[in-house]
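Here come two complexes built around subunit A, the first alongside subunit B, the second alongside subunit C.
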Partner chain A sequence: MVIYSVYVVNKAGGLIYQYDNYVPRAEAEKTFSYPLDLVLKHHDEKVVVSFGQRDGIRVGHAVLSINGVDVVGKNTAEGKDTLEYLNDPANYPVSIRFGRARLSSNEKLMLASMFHSLFAIGSQLSPDVGSSGIEMLETDVFKLHCFQTLTGIKFIVLADPRQSGIDALLRKIYEIYSDFALKNPFYSLEMPIRCELFDQNLKGSLEIAEKAGNFGAGS
Partner chain B sequence: MTVHNLYIFDRNGSCLYYNEWNRKKQAGISKDEEFKLMYGMLFSIRSFVSKMSPLDMKEGFLSFQTSKYRLHYYETPSGLRFIMNTDLSVPNARETLQQIYSNLYVEYIVKNPVCVLGHSLDSELFSSRLDSFIRGLPFYSPRAA
Partner chain C sequence: MSRQSNRTTDSKKMNSELFTLTYGALVTQLCKDYENDEEVNKQLDKMGYNIGVRLIEDFLARSSIGRCQDFRETADVIAKVAFKMYLGCTPSVTNWSPAGDEFSLILENNPLVDFVELPDNHSTLVYSNLLCGVLRGALEMVQMAVDVRFAQDTLRGDNVTEIRMKFIKRIEENLPAGDE
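The block that comes next holds the complex of A and B.
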């Protein structure tokens, strides 16, 4: 029973707080000889697998490190283009680590704003009157819960699909926000939240929710 | 317990079929715009979900719910998308959508030599069978809950 992350979005759609509670890193490191039987391509400043899924390496996984040294964007640590490096038989055998690419803070900002818009469209396309925006979005590996306050702030929690008690957690996060961010005289509204007490209390309530979820959802 | 409406989109984004049973509020935009908005919203949700997901996904986006309705999504391997809006009492309509695909779409559209795939589905038989299938669902009742 896991809570993966928490996002707080202001009323303009900008991300003001983000916390990753649990980041599962499914990575696969293998040694390859020339020629590489995976097809790699450039995508969004990273090198990703486009074909040739095998042994824990899936399509969409990015190249994380070569020979133990982390890659920097599209280039190896020395600055050479990764695809050129891997096309050169002289560099083999090579050990490459693949895995899901971590989201950069820019990408998180973009995703938060994207969700802000999708939330509104969900309300517009409603076949019933008086609908709110998207409150819960379900996929096969995670559930996204969203609570929008009366002032337009959205608290978004990504959790395991079987985790229970997220509604209470969202209300609790709202309470923590109003206690430790809003009542902080140095915090400006709608700006990124940089309050230590907010962080501490948020982590505390996430731990409590995860433990409580274990008792509830098992049945 | 009710079904509000059903959309069927092909892989290019054109709406092949739309029908409503219990819709209480129109979107306020023309039907064409509504179809494009619906398709665009789902396209963005799928891309959002694939980036946000902490683990590798097999089936991807399944459904979402708001305070008043739930949208169920099913995509076939050929890129055909089935979207059903129901009220909140229906937890999972994925099998229903799969049945609509295999028992109705494949039988009455794909196997129909006159129906051109990719165009609007104008088979009368398909519409009437679909209508009776929806009305026969255990979670459908003609009076909205």
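The block that comes next holds the complex of A and C.
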């Protein structure tokens, strides 16, 4: 039972803290010879597999590194276009690592503000007055839990659907925020949280929540 | 399984005299720096405001109190929960205005002013003005604009310390979703 990520969104909808707790399990590194039997294409500043599936490499996986060196967007580390590089037989044999691309920080920022607006829509759609915003979002792979404080800060936790005790965990993260972020006089409100003690304590409470499965009992 | 964080839900015992001394040092230094009581009062209010906007989250995180429905509930929560939690005293709520938008908090003992006497040349200094700023800042973060001032002060010869709080308006900008 895993807790995948924690997001903290400020009153204006900006992401002020983000922590990823998971390691993408689906990654595959293979050595290829010319010609490449996978069809690659550009998508969203990345190079992804559009056709061809083998050995753990699936459609939608992005090129993560070539010959052990991480790629930078669409280009190799040296700045050459990845597709051109892989079309040149002189560069083979080549070892490419494929995997599910992680979200970049810009994408996370955008998704957080989008969630902020959707959260408000949740309360507007309500048939009755005084509904809260979105508290939980469920997919078949994860559950997203959201807790909004009276002051407008949102704490969002993405976890395994079977993980219990997330409500208590959200309250605990609120306590950790009020302790290690707010009581740090050098932290300005609404700004990105860059406090080491906050990170440490957050990680600690995530570990406790994962192990206990039901955080809060006996604490 | 040991925890990394100190469990500060039970308040760490600290010498309240150190707290009184610290606050006293702060006020006297401000007096030396600004040399003008009005200016010092303003600075104390500003400092209190900065404390208040942070303290409210700590208060909400630890007390799990929900949103108050009206100003009377707010007054009760401030007097019975907040003051108790942070200053260890429970002021009484009195002198409600007919419209229900103004009330007084009467404190019998104010921990900030233990052992303090105001000299004559600082007769307009509101020594505990930090508290006014704290209350103002904290309530602003939960979308209430209030005016807070000291109506009576034991340091200036009155029998009790009285803080007068007046509700001005509800802050409608940037309301958290779901609170309209």
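The criterion applied here is as follows: the second predicted complex is superposed on the first by the 209 of 219 C-alpha atoms of A that agree within 3 Å, B and C clash if a C-alpha of one lies under 4 Å from a C-alpha of the other, contacts with A are read in each partner's own complex, and residues count from 1 in each chain.
Convention: a residue touches a chain if its C-beta (ideal position, glycine included) is under 8 Å from a C-beta of that chain, and two chains touch if they have at least 3 such contacts.
Keep in mind that this is a model prediction, so the values were computed, not measured.
In this superposed model built on subunit A, subunit B and subunit C occupy separate space and fit side by side.
Touched residues of subunit A, counted separately for subunit B and subunit C, are more numerous for B.
When the shared chain is aligned, no partner comes close enough to touch A:8: not subunit B, not subunit C. By the document's definition of touching, neither partner reaches A:206: not subunit B, not subunit C. Look at A:96: by the touch rule set out above, it reaches neither subunit B nor subunit C. Of the two partner chains, neither subunit B nor subunit C is touched by A:57. Legend: residue contacts after superposition of the two complexes on their common chain; A:157 is shown touching neither subunit B nor subunit C. In the superposition on chain A, A:176 makes contact with subunit C only, not with subunit B. In the overlay built on the shared chain, the residue A:71 is in contact with neither subunit B nor subunit C.
Looking at the shared chain after the overlay, A:40 reaches neither subunit B nor subunit C. In the superposed model, A:138 makes contact with subunit B only, not with subunit C. For the three-chain overlay built from the shared chain A, the minimum Cα spacing from subunit B to subunit C equals 10 Å.
122-123, 130-133 are the residues of subunit A that lie in the contact sets of both subunit B and subunit C, per the superposition on chain A.
Of all residues in subunit B, only 4-5, 20, 22-25, 27-28, 34, 37-38, 41, 44-45, 48-69, 71, 85, 87 touch subunit A in the complex they form. Of all residues in subunit A, only 11-12, 119-120, 122-123, 130-133, 148-153, 171, 174-179, 182-183, 189, 200-201, 204-205, 208, 211 touch subunit C in the complex they form. Across the complex, subunit A is touched by residues 1, 3-5, 8-9, 53-54, 56-58, 60-62, 64, 66-67, 141-142, 174-178, 180 of subunit C. Residues 4-5, 22-24, 26, 58, 60, 100, 103, 107, 111, 114-115, 117-118, 121-142, 144, 158 of subunit A are the ones touching subunit B in the complex.
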